[in-house]
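Order of writing sets the chain letters: A, B, C and D. Residues in each chain are counted from 1.
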Amino acid sequence: VNLISEITGGAKETGRIEAFSDGVFAIAITLLVLDLRVPRELPDGADLTEALLSQWPSYLAFVTSFATILIMWVNHHRLFTLIRRADHGLLLVNGLLLLGITVVPFPTSLLAEYINRPGQHAAAIVYTSVSVFIALFFNALWWYVSYKNRLLDPHADPSAVRGISRSYAFGPALYLLAFALTFVNVTASLLLVLALDLYFALPNRRLGALGRRAS
Amino acid sequence: VNLISEITGGAKETGRIEAFSDGVFAIAITLLVLDLRVPRELPDGADLTEALLSQWPSYLAFVTSFATILIMWVNHHRLFTLIRRADHGLLLVNGLLLLGITVVPFPTSLLAEYINRPGQHAAAIVYTSVSVFIALFFNALWWYVSYKNRLLDPHADPSAVRGISRSYAFGPALYLLAFALTFVNVTASLLLVLALDLYFALPNRRLGALGRRAS
Amino acid sequence: VNLISEITGGAKETGRIEAFSDGVFAIAITLLVLDLRVPRELPDGADLTEALLSQWPSYLAFVTSFATILIMWVNHHRLFTLIRRADHGLLLVNGLLLLGITVVPFPTSLLAEYINRPGQHAAAIVYTSVSVFIALFFNALWWYVSYKNRLLDPHADPSAVRGISRSYAFGPALYLLAFALTFVNVTASLLLVLALDLYFALPNRRLGALGRRAS
Amino acid sequence: VNLISEITGGAKETGRIEAFSDGVFAIAITLLVLDLRVPRELPDGADLTEALLSQWPSYLAFVTSFATILIMWVNHHRLFTLIRRADHGLLLVNGLLLLGITVVPFPTSLLAEYINRPGQHAAAIVYTSVSVFIALFFNALWWYVSYKNRLLDPHADPSAVRGISRSYAFGPALYLLAFALTFVNVTASLLLVLALDLYFALPNRRLGALGRRAS
């Protein structure tokens, strides 16, 4: 009986949060394709190749949004491999994080549409604000579960936990810096966001070790 | 053999209902972003910042719908932590509850579009009607599973069960009151719905205890 | 080791088919709400209540599609409680069944749009054809798994298996009759489809017994 | 404790990747129906049957996209029955494969719209490019997990593993040939893609044996 409750209980507590979150990530990442439109009713003499190439901002937005959401899913996945228990607060903090993630396609399309045109400053403000929001809630989620190891798996590798705490500590401040940079130089601001996204996508050595845990 | 059937049987009976429901919640909450539109072809002299700010009703509808569906998912999740078995009736009652939940974006957009304009009364009637419908089916679901503890987990904490029964008992009547209030004062009616939504979102002390069960 | 492989193996073999199918059902049923549109830019003097009421065909299509897909999900769920193993053919037959199910919103909207107008005959032909297609593939799925009990759970109740075989045996023929009836009387044809849908939604006594299995 | 960690650990490591991927496949395959449009406001004298028949390219695109994504899901499912462990790289390679899969509806609609019209050459280039991309990432995924059996289930049938390695080895080269053929003859190129898709859909004898493993 103990064995059973440990197996099903252990699986169940974060199981539905992960399933719900996976659903949200999967849908958010798949809806992106709706912004790729087949050119119809081309004006006389227009060429399909040209029409396709002229849509490059929507391809850029598609690939950027896809990569951004994928990186966030990988990070979310990482955190939850260390989380074992769930409570009411976790459901709400995770929900607010998902709010930020479902919004991603909006600022990305906005930026793709207005980059190098009047309005690019407003678009960059929206884009970096959403990045700050997401960074804040990734942090909130992590501190919520790791404070006194409340909701973490008791078997979680302490060095992996410390590694995440360390790498997350400066996240919001750096994204906030990117936000502030939009008032100085839009391009520099976006390059900083890009660099930060890539940094969080790269396999953290300590976390990479997790994958090898079961071997 | 007994052990196996208890593990897989126990997991399976509500597993697919939860997976299906999670899918519906996740999709409903993610589709909301489709209503955030990138302003295109701004009239001469128009500013992107202004164009973005003028879309505030769609942001309000987005955040409200997101919060509403998230709260409902948290409540659904709570109920199902106590449910262990499934039968044909549960599939149908749960299905009707999901019908109400997938509809949420419609009355919310309607209200965001017509608030403070002619038509706000009609919009408020639709909005509160959907709230009544959902409250009714949350209740129906709960009474269906808890009547004589038919489908509940035999190990469910009786005080948690009583706590839900108590807090659900007045839900439909209060949402019905909000519906009736639309004929007197639309603002008061919407504030009541908001207050009720928040009440059901707050962690119930008895339920909060569930999260601590496994520790 | 044997215990483990039986638990994980048993869970895994149909696990992903069910998860994928649940995803498809959940998305198909949630996308329906996209057809409910907020009336915008009402002509002068037009009333929101009137505008909302005039959209009744889209509400009818929404509720009918929702009920149809929900009933199919319940049936799919039922079948898979009896299926334990999976092979390549099952993936393909199930995929073709899902093809029919994702299509459901199309003929339903078509019928809601053209009922009682010229074109209702063509719409009814499309609607009943899709019903025949789905009935055929539900049967194909069932015969595929139950032939010589190939893919069924060895512990499945033989009377439940026989009950499904019996109730499915006449399904395609009856839906085909509804298809033929469209050439005589559209209303009679649609009523027959409705009656058949309800018949397959009602709890089969033998199947109802399944829910009680674990008690 | 060992037993538990093996059960939950074993299930968990690829569990969320599969759940996320299933979500993406399920959504991508279900979104296709949004391209089937109910003809509205028919011009005077126009017949619904004619209007429906004239939409044949969208039906063709729907069925082709559905079949393509279904076949890819079956292949993905197959690979993951042999994979037991996950690491950071697998999340990213799998993510890029999913990028290709979510894009499928776009080149398919493009081809359905422009086939036998000026622009069909450009459409065929896009279509075969996406096929090459997907074939490349299916290969990358497979080599990533099977290189020195790193992430494979230690109990995986070696002949099944070799069978996949053999059948995948020539995939990208053949799809690349189809890409090159578009510059010679569009029809021949598309027929080659079709033949390759069917080849990968057919049950591989060695893999078919997997289904029988548990019997």
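Convention: contacts are C-beta pairs under 8 Å (C-beta built on N, C-alpha and C of every residue); 3 or more make two chains touch, one makes a residue touch a chain.
None of these values were measured; they are calculated from a predicted model.
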From subunit B, the most remote chain by mean C-alpha position: D
Do subunit A and subunit D face each other with the same patch, meaning over half of the contact numbers show up on both, or with different patches? different
Using mean CA coordinates as chain centres, what's the gap between subunit B and subunit C in Å? 25
Rounded Å distance, subunit A centre to subunit C centre (Cα mean): 35
Hunt down the residues of subunit B that sit against at least two other chains at once, touch-wise. 3, 7, 10-11, 19, 22-23, 26-27, 31, 34
Contact footprint of subunit C on subunit B as seen in their complex: 3-5, 7-13, 16-17, 19-24, 26-28, 31, 34, 85-92, 95, 98-99, 102-103, 105-106, 109-110, 113-114, 118-119, 122-123, 126
For the complex, which residues does subunit A have touching subunit D? 3, 6-7, 10-11, 18-19, 22-23, 25-27, 29-34, 36, 38, 40, 42, 47-49, 52, 63, 66, 70, 73-74, 77, 80-81, 155, 201, 203, 207-208, 211-215
